[in-house]
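Letters A, B, C, D, E, F, G and H mark the chains as written, and numbering starts fresh at 1 in each.
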Amino acid sequence: MTTDVIMAGFGGQGILMIGNLLSLAAMEEGRGVTYFPSYGVEMRGGTANCTVVVSDGEIGSPVVGFPKSCVIMNGPSLEKYLPLVQEEGNLIVNSSLIDPAKITRADLNVLSIPANDIARETVGSQQLASMVALGAYVGVTRVVRMQTLFECLPKVVSKKYERFIPLNVTALKEGESFARNHT
Amino acid sequence: MTTDVIMAGFGGQGILMIGNLLSLAAMEEGRGVTYFPSYGVEMRGGTANCTVVVSDGEIGSPVVGFPKSCVIMNGPSLEKYLPLVQEEGNLIVNSSLIDPAKITRADLNVLSIPANDIARETVGSQQLASMVALGAYVGVTRVVRMQTLFECLPKVVSKKYERFIPLNVTALKEGESFARNHT
Amino acid sequence: MKDGAKETFPRQVFKRPDSLVDVRTHFCPGCHHGIAHRILAETIDHFHLRENTIGVACVGCSVFLYDYIDVDVAEAPHGRAPAVATGVKRAQPDKFVFTYQGDGDLAAIGTSEVIHAANRGENITVLFVNNTTYGMTGGQMAPTTMLGQKTATSPYGREFRNDGYPIRMAELLATLEGTAYSARVATSTPAQIRQAKEAVKKAFGMQIREMGFSLVEFLSTCPTNWGMKPLDAQKRVLGEMSEYFPLGVYKERRQADFV
Amino acid sequence: MKDGAKETFPRQVFKRPDSLVDVRTHFCPGCHHGIAHRILAETIDHFHLRENTIGVACVGCSVFLYDYIDVDVAEAPHGRAPAVATGVKRAQPDKFVFTYQGDGDLAAIGTSEVIHAANRGENITVLFVNNTTYGMTGGQMAPTTMLGQKTATSPYGREFRNDGYPIRMAELLATLEGTAYSARVATSTPAQIRQAKEAVKKAFGMQIREMGFSLVEFLSTCPTNWGMKPLDAQKRVLGEMSEYFPLGVYKERRQADFV
Amino acid sequence: MKGSAARATGRIEIDLDRCKACELCVPACPRCCIEMGKQVNRQGYATAVFSRPDDCTGCAICAEVCPDVCIRVWR
Amino acid sequence: MKGSAARATGRIEIDLDRCKACELCVPACPRCCIEMGKQVNRQGYATAVFSRPDDCTGCAICAEVCPDVCIRVWR
Amino acid sequence: MTLSPTGIRRELMKGNEAVCVGAIAAGCRFYYGYPITPQNDIPEYMSAHLPPIGGTFLQAESEIATINFLLGTSASGKRVMTSSSGPGISLMQEGLSYMAGSELPAVVVNISRSGPGLGGIAPSQGDYLQAVKCGGHGGYKMPVLAPHSVQEMYSLTMLAFDLADKYRNPAMVLGDAIIGQMKEPFVPTPYLSTVPAEKPWALTGCAGRPRQHVKSLYLRENEIEAHNWKLHRKYRRMEEEEVRFEPYHMDGAGIVIVAFGTAARVSKTAIQWARREGCPVGMLRPITLFPFPSRAVDEAAANADVVLVIEMNTGQMLEDVRASTRHHDKIRFLGKPCAMPTPEEIHQEIRRLAGETALKTEGVR
Amino acid sequence: MTLSPTGIRRELMKGNEAVCVGAIAAGCRFYYGYPITPQNDIPEYMSAHLPPIGGTFLQAESEIATINFLLGTSASGKRVMTSSSGPGISLMQEGLSYMAGSELPAVVVNISRSGPGLGGIAPSQGDYLQAVKCGGHGGYKMPVLAPHSVQEMYSLTMLAFDLADKYRNPAMVLGDAIIGQMKEPFVPTPYLSTVPAEKPWALTGCAGRPRQHVKSLYLRENEIEAHNWKLHRKYRRMEEEEVRFEPYHMDGAGIVIVAFGTAARVSKTAIQWARREGCPVGMLRPITLFPFPSRAVDEAAANADVVLVIEMNTGQMLEDVRASTRHHDKIRFLGKPCAMPTPEEIHQEIRRLAGETALKTEGVR
C-alpha cells in the first residue's frame, strides 16, 4: 500500500518539521518513505511545502502531481493545492487562518481544524499549530501510529527546545482527538 | 608538378622572410603555394624554420616530413634536417657557419655556399646572407623566376628598409650566379 | 480615505519614483535591497536617464532588477556584471550603464572583473550591496562576513586563520588609478539614506562627465539569513558593521586630476 | 684552466646554488627570469628547504620552473598558482610552498586568486616577475604595460582611455589584512640583486614563522619582446619602470600585529 | 486609536497588500503615528497601521525608511 | 689581450656553452676584465670572454649579474 | 528503496547529506566549494562535520579557485571533493582538463539544475553531455556515476573516490535537485577500500628521492601525442572494467526503457504499473554514464521491439544509445527538459508503444 | 586551393589573419580577446586594424572577462568576435551557456591546440566534442564551422556571423594550429549579408518602447521547460537548414573517408595518390560539425564498403559517425592525437583497407 501527502503553509509554521516527523515515524515502522521539501528560492515569499510518500514497496517518484492528502496551513496554499487533491482525497485545513467557505470541492474528505486556536488555547503555544494539524492528519489516515510519532519527536526537535517535547505530544494528541471527534 | 623546401637557421637570419618571398613569387606566377612557419615557443632558443610547398594543383599538407629541398643556414638545423631530405634532394648549406664535413650524405645534390661571406664581402651586408641562400636555391631548382622574386621584394621588405631593396636584388643575384657556377 | 487625504492635504510629498516598477518585490521583510532599489530609481529619475540607461543585473537576491527598475537590463553571469557592463558601454558609449551587485557577486567570484573594470577607468557605475552574506543561496559565508559571524558555511563563526578577513572593497577599489569615485554608505537611518542618495548622485555624475569608474558600497541587511528581526539587523549595521566597514568617501576625482 | 684556477685561487667564492638544476635555461639572452630563479634557489639553500618544499609553476616563460629548481613542483593553470598553492598548503601545512608567476599570470587572469590568497592570509610565498608584457606568447600588452608602451596588441602604444592604467600589485596586495609582507625589487644592478635577495629571505621568513601571505615583485626585463638589447632593457627598468613602479617594502608584519 | 490634542499637518497611506511587517517605519516616525497591527494580509503579514493620524506632520520619514515603498505621504 | 701591471687576486671561468652573449657581465665588472668575443658557440652566440684575467679581483660581481649563471669565481 | 532486513541501521537523510557521509566514510578530509542551489547542503554539512574530525573545509572565492584548490590538495596525495551545479561546473572545465591531463584524482559532485545559463533550480539532466563528453578542452574522459536513490548517493560517492584513485583521474557523481533534496532511509554500509592508499607520485617534498612533478605540459616533439595515447588506453580500460548498470524487470521485456538517475527512479513506478497490466516492459539503468553500458544496450536493443530512452532533457544520452547499437529504428525518446516526467506520463507512453508494437498486453484497453 | 581565374585578386595570408579580414568584411567592429598560442595573430591583427576604422579592440584580463564583454556588446546589438584556444575556450563555457540561454549572437574562434590541460601548441582536433556537444551546462547547441583552407578561414568566418544573427546564438569557427599558422593565397570575395541588420531585441535604452531584457533565468513554474523546448526547436531548425559538407571524389567510392579541417586537407593528397592507382576512395568532408551531416554520412556508409574516419585525436567525430548510421560494421578509424597524419600514413591505410575489402585497385602492389 502506498500513500502520499503534501503539507503547505507559511515559512516558519513548521511545515518541514512535521513532514520530517512523519517520515521518521514511517521509517521507524519499517516502511519505505520519501520526503521532498521545497528548496532554494522557492522558499522566498514566505511559503514552504513538502511531499511525503509512504509505501510498503519501492518508491519511485518522491514528487506527486495529484496527492491523496493535503495538510493546508494558510490561504495561498489552499488556492494552489485544492485543485490537485485526488477525488475522495483527504484535505486537512487550518480553519484558524482559512475561511472554510473557500473549500469549493465536494468530492473530498475535508477536515477543518482551527489549528492555531487549539494550539494557542488548549496546547498553550501558537507555534505548535502544525503539530496539531499533523496529529489530525494521522488521526484521519492512520498512516503511522501516534506512539511512533511521539518516540520520533526527539529526533526533530532541536536540543534547544527539548523541554517543549511534552507540549508537542499534547499538540499531536489534540489534533488526533479532534479528528476522531469530527469524522 | 609539386615541390617543397624547408628553410632553417637562427632567429634573426631572416628565414621567415625568404620563405615569404618565395611564396609570394610562386603566387604571382599563378601557382598554388603554402607557407608554414615555426610558431610560438618553438621559436624560443633562437631557431626558426619554415616549409614552402609549391604546386600546379591543390596542395594538401602544408607540412612536409621528408622535404625535396632544404636551405640550411646554421649548424643545429643541419643536424635536424640532414637525415630528412629525400634521396636525390637538394641541400643548400651556408658554409660560412657550417663545416661542410658535417654533410655526411652522398645521395644528395649538395650546394655549399658561403652565404655570410658573400653577403658581407660582395653584397656588403651580413644581414642578407639568407637572401643569397634563397637566390642559390632558386638557381638550383628554378622553381620561380628571379624576376618575380625581385618584383615581390617590396611586399616583404618593410617601408623602413625600402632603400635596401637594390641590395637584396644583388644578394639574390649573387646567390643565383654562385649556384650556376657551382652545379 | 485616499480622497479624504487628497482634499485636506493636496500635495503628495512622497511617492514612488517613476523608474521603480509598481509591483511587490520578492525581498524579505526589512531587507535593504528595497531601499537601494528605490534610491537607484530616484537617481535615474533625477538625471532623466530612464530611456537612456542599460542596467546590468547580477546573480543574487537582486537578480530580478529587471522586474523592478523600468530600464533595459542585461543579466550577467555571477560576478561578471562589470565585464558585461564594459561590453555594453564600449558598444554604446552614449548610454548610461550601471551594475547592481551583491557582495558574494562582486567581492568573491567577481573580484577580477570589478578590479579590472576600475583599473581601466571603465566609465560605468557600480552599486554594491554588502550584507556580509550570500543571501539568495541561504546565508553562506561571504568574503565580507565579519570575524566570528556564524553563517551556513561558517557554523563555528568566521575564523581568520581558516577563512581570512572581511574584505573592504570600497577602500581597495579607491587605490586604483581608474577609479573616479568610491564611497561606502548605509541605509539604516533616515540621515544615512539621504547621504546614500547624495553618494549615488555623485557616482552617476562621474559617469555623466566621463570621469571613469564609480562605485557606491551599501552596508545592507539580510534579516532572514542573519536570523534577526529587521530592526536588530539595522542595529548591527550601525554597530559592528560600520565599525569594520567605515562609511565615507574613499576617492572622488576632481576634473583636474583627470587629464 | 680550471685546475690552474684551483691551485692559484683555491676558494670558489661564487658557484651555482645546489637547488638550481645544472642545465641550460630556455630563457632569452639577458632575461632576468634567470636571476630570479637563481635568487630563489639560493634562498631555498639558505633555509635548507629543498627537501621540504613544494613549488607551484605558473603558465608563462617560467612554466619550466620544474626543470630548473630542484624541488617538487606542481603546474597550475594560467593565473591559478595561488589557488593551487592553497590546496597544497592546506593539505601539507608543514611544507614550504611558493608560487612563481609572471605579470600576465598574476595581475591579469590570476587577479582574483592572488587577492583572495592574500586576504585569507594564506601562509604561502609568491614570487612575482613583472616584465610589463606577456613574454611567452610573444609580447602582448599586460595589465602592467606602461602607458605609451607599444606591444603586439597595443601597436599604437597603451592608452589609458582604452586600456586603463599599469596596475601596481605590490601596493594593492599590501592593503589586505592577510598580507604579511609585500615588497618590490629589481635585479638590474648588483646592489639591487643584493636587496632582492634580502626581500626574498624576508618573504620566506614570514611563511616559516606562519605570519601569513608574502609576496616579492621583481621588476624584470623582456629584451626579446621589448625589442631591446639586454643592457638597454636594464636601463628601462632603472628608468621609467622604477619611476612608475617604485621599489620598496610596502608591508612588513611584525609578530606583534598578528594575534 | 486614542485621540490626541495635536493637529495633523500631514497624512500617510500604507499599502497594506505590500507591507511586510518589517516594523522599520514604527520607530522611524518622530511622532509615533505608526504601530504594528493584528490584521494579517494575504501574504500572512500582520501589517503596520497608521494608528495616530492626528499627530502626523507629513515629514515622510516613515516613507523614506520603508524598504517596500508602501507608504505615500501628503501634506 | 694586452698585458697589464696589475696582479690578479681572483679568477673567473665562463661556461661558453651556456653563455648567451647578453653582455650584462661586461659593464658589471669594475675592472673591465670581460669583453664580448667573436667565437660563436653552437647556440649561435658570440660569447663573452675573460679577456683581462690579470686585473680580476674575484669580486664575483659579474657572476651575480649573469642571468644564465655561466660564471664561476675563485679567490 | 527495498527495505533493509530489520535490525540494520537506517538513516533518514537528504541525498546531498548522504554524499557527505559517504565521502567522510571513504576517508575524504578535504572539501572545497562555493555555494550554489540545489547543492548547498553539501558545503554546509562539510563545514559543520569536517573540522571536528580534523578535516579541512574551505569556501573558495569561486568555482575556479575551488577546482584549483582540489588540484593542489590532490597533488599532495590527499582525497578531496567538491560539489556544485550548472554554472559552477562549467567554470571548473579548464581545471578538470588540467587534472585529467596531470592525472590527478578527485571527486566532483554535480547536483544539476536547469540551464542553459542561469536557467533555474528545477531538477534537470541537462548536463549529461557536458559530463560524459567532458566539457573541457583536449578530449579527456572521467568516470561519471549516476545515483538514483539516497542509498546510491552514499555508496556511489564512496565508489567515485576509489575509481578516481584507481585511475588517477577526476571522477564525477552526477545527481539532480530531486535526488539531492529528497530524504529517504539509507543504510550506511561500511566503506571497504579497493585501492592501495600509497600515492608515490604525490608531491610531498623530495626528501630521499629525486624531485617529481605534476604537470600537463608536454612540449617536446611527439611527447604530447604519446601522453594522449597513454590517457586513451586508460579510458579504454575504464570501458572494459568499470561499466555498471541495473537491469530492472528485463525478463522478456519487449519494451526496454533506458534511463538514469531520477528519470530511472520514476520509470520504475510506471514499469510496476505496466507489468501489473501484463505489459512486458523493463529497464536498463546505466549507473556509469561513462563508461556507458554500450554492449548491454546493444544486446537489449537486439532482443527488444522498442528501446525507449527517457531523460530530463531534450535528448542527450539518446546520442550514446544511438552510438551503441545498430537498431536505430527501434529507438524512441521521451524527454522533459528541466522537469521530472511523472509516472503517469511514462506509463501512458509505455501503453502507446505497447499498442504500436502490438505486443501481447492484457489489461491494456 | 584551386587557382582563381587570373585577374582575380589573391592575397597571401595566414589563416588567422584571413579570419580577421573576413570578420571585418562581415561588419564586425568589436573584438575582445586574451593572448594564447597559436591564435595570437588574430588579436594582434585586430589591435592594429580595428581602431583605424573606428572599431574597438580591447584586450581582456581573462577569457572569462572576454566572453562577458562579448555578452554585453552582443546584447547591445553589435557584431562581436573573440578567438582563443584550448584552456581559454574552456574558461568561456559558462559564458557560452549564458549567451545560448539568453539567445545572443557572437562568433567564437577556436584555433585549437593540444590538450588536455596545458598540453602543448601542436595542432590538434581534440576539442571536437567540446565544441559540438557544448562544454557548458544545460545542453545548448551552436553552429560549429570547420575550415580546411585559408580561403575558408575567410569565408566561414563571414558565414558564422550570419548564422549567429540568423539564430540569435553563438557560432564557432573551429580551426587548428596548421590552418591558423599557414599562409596560402585566398580570394577575398565580397561579403553579401543573408540576414536583416535590425535587432529589435537589442538593449539600446527604452526610449519610445517598453523596457526589455536579455536574460537566461526562468524561475516561474514550467517557464524553463518551455524555454528549453523553444531552444530545442531552434537547434532542430539548424539541423534542417544549415548542414554543409564537401563531397570529394565520391563517385563510386568504395572507401569513404570522413574527415574535417586539416585532417581532411591532408587526406585529399592521399586520395589523389590512391585514385591515381585506381583505388576508388573518396571523402565526405563535414564543413558544419554541428549540425553534423548525419544523413549524408548514413547514405555514404550505405553505399560504401568501408567508412574511414580520420581525426587528429583519439576518436571524437567517430561518435557522431556511429550515431549517424546503422552500418557500424563498416566504420574504421585512423587517429593521431595532437599531431597531423601525413599523406603517406593515410595513403598506406587506404591501401590496407583496399586490400582488406578486396576492392579492384589497379596499381596497388
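Operating definition for what follows: contacts are C-beta pairs under 8 Å (C-beta built on N, C-alpha and C of every residue); 3 or more make two chains touch, one makes a residue touch a chain.
Source: prediction; values computed, not measured.
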* Asked: Which chains, if any, touch chain B and chain E both?
  -> none
* To do: Would you mind checking the shortest number of contact hops between chain B and chain F?
  => 1
* When all chain pairs are ranked by how many C-beta pairs they have in contact, which pair ranks first? -> G-H
* **Rounded Å distance between chain E and chain H, as computed from the means of their C-alpha atoms** => 63
* Structure fact -> Per the C-alpha means, the centres of chain C and chain F lie apart by a whole-Å value of 62
* Asked: CA centre of chain A versus CA centre of chain H: separation in Å?
  -> 57
* To do: Go ahead and note the Å separation of the Cα centroids belonging to chain A and chain G.
  => 34
* Junction residues of chain E, two or more chains touched -> none
* Structure fact -> Check: chain G positions touching at least 2 other chains come out as 37, 56, 58, 61-62, 64, 87, 94, 98, 102, 117-118, 121, 215-217, 219
* To do: Spell out, as numbers or ranges, the residues of chain A touching 2 or more other chains.
  => 40-41, 45-46
* In the complex with chain G, residue positions of chain A that touch it -> 20, 23-24, 27, 30-37, 39-42, 57-63, 65
* Would you pull the chain A residues touching chain E in the complex into a rising list? => 10, 45-46, 74-76, 97
* Touching residues (chain side chain H, partner chain G) in the complex -> 64, 85-87, 89-91, 93-94, 97-102, 112, 114-122, 124, 126-130, 133-140, 215-219, 222-225, 228-229, 231-232, 313-314, 316, 319, 322-323, 326-329, 336-339
* Asked: Which of the residues in chain E end up touching chain A in this complex?
  -> 40, 42-44
* Residue numbers on chain C that touch chain D, as the complex places them -> 108-109, 111-112, 115-116, 119-122, 143, 160-161, 163-165, 167, 171-172, 175-178
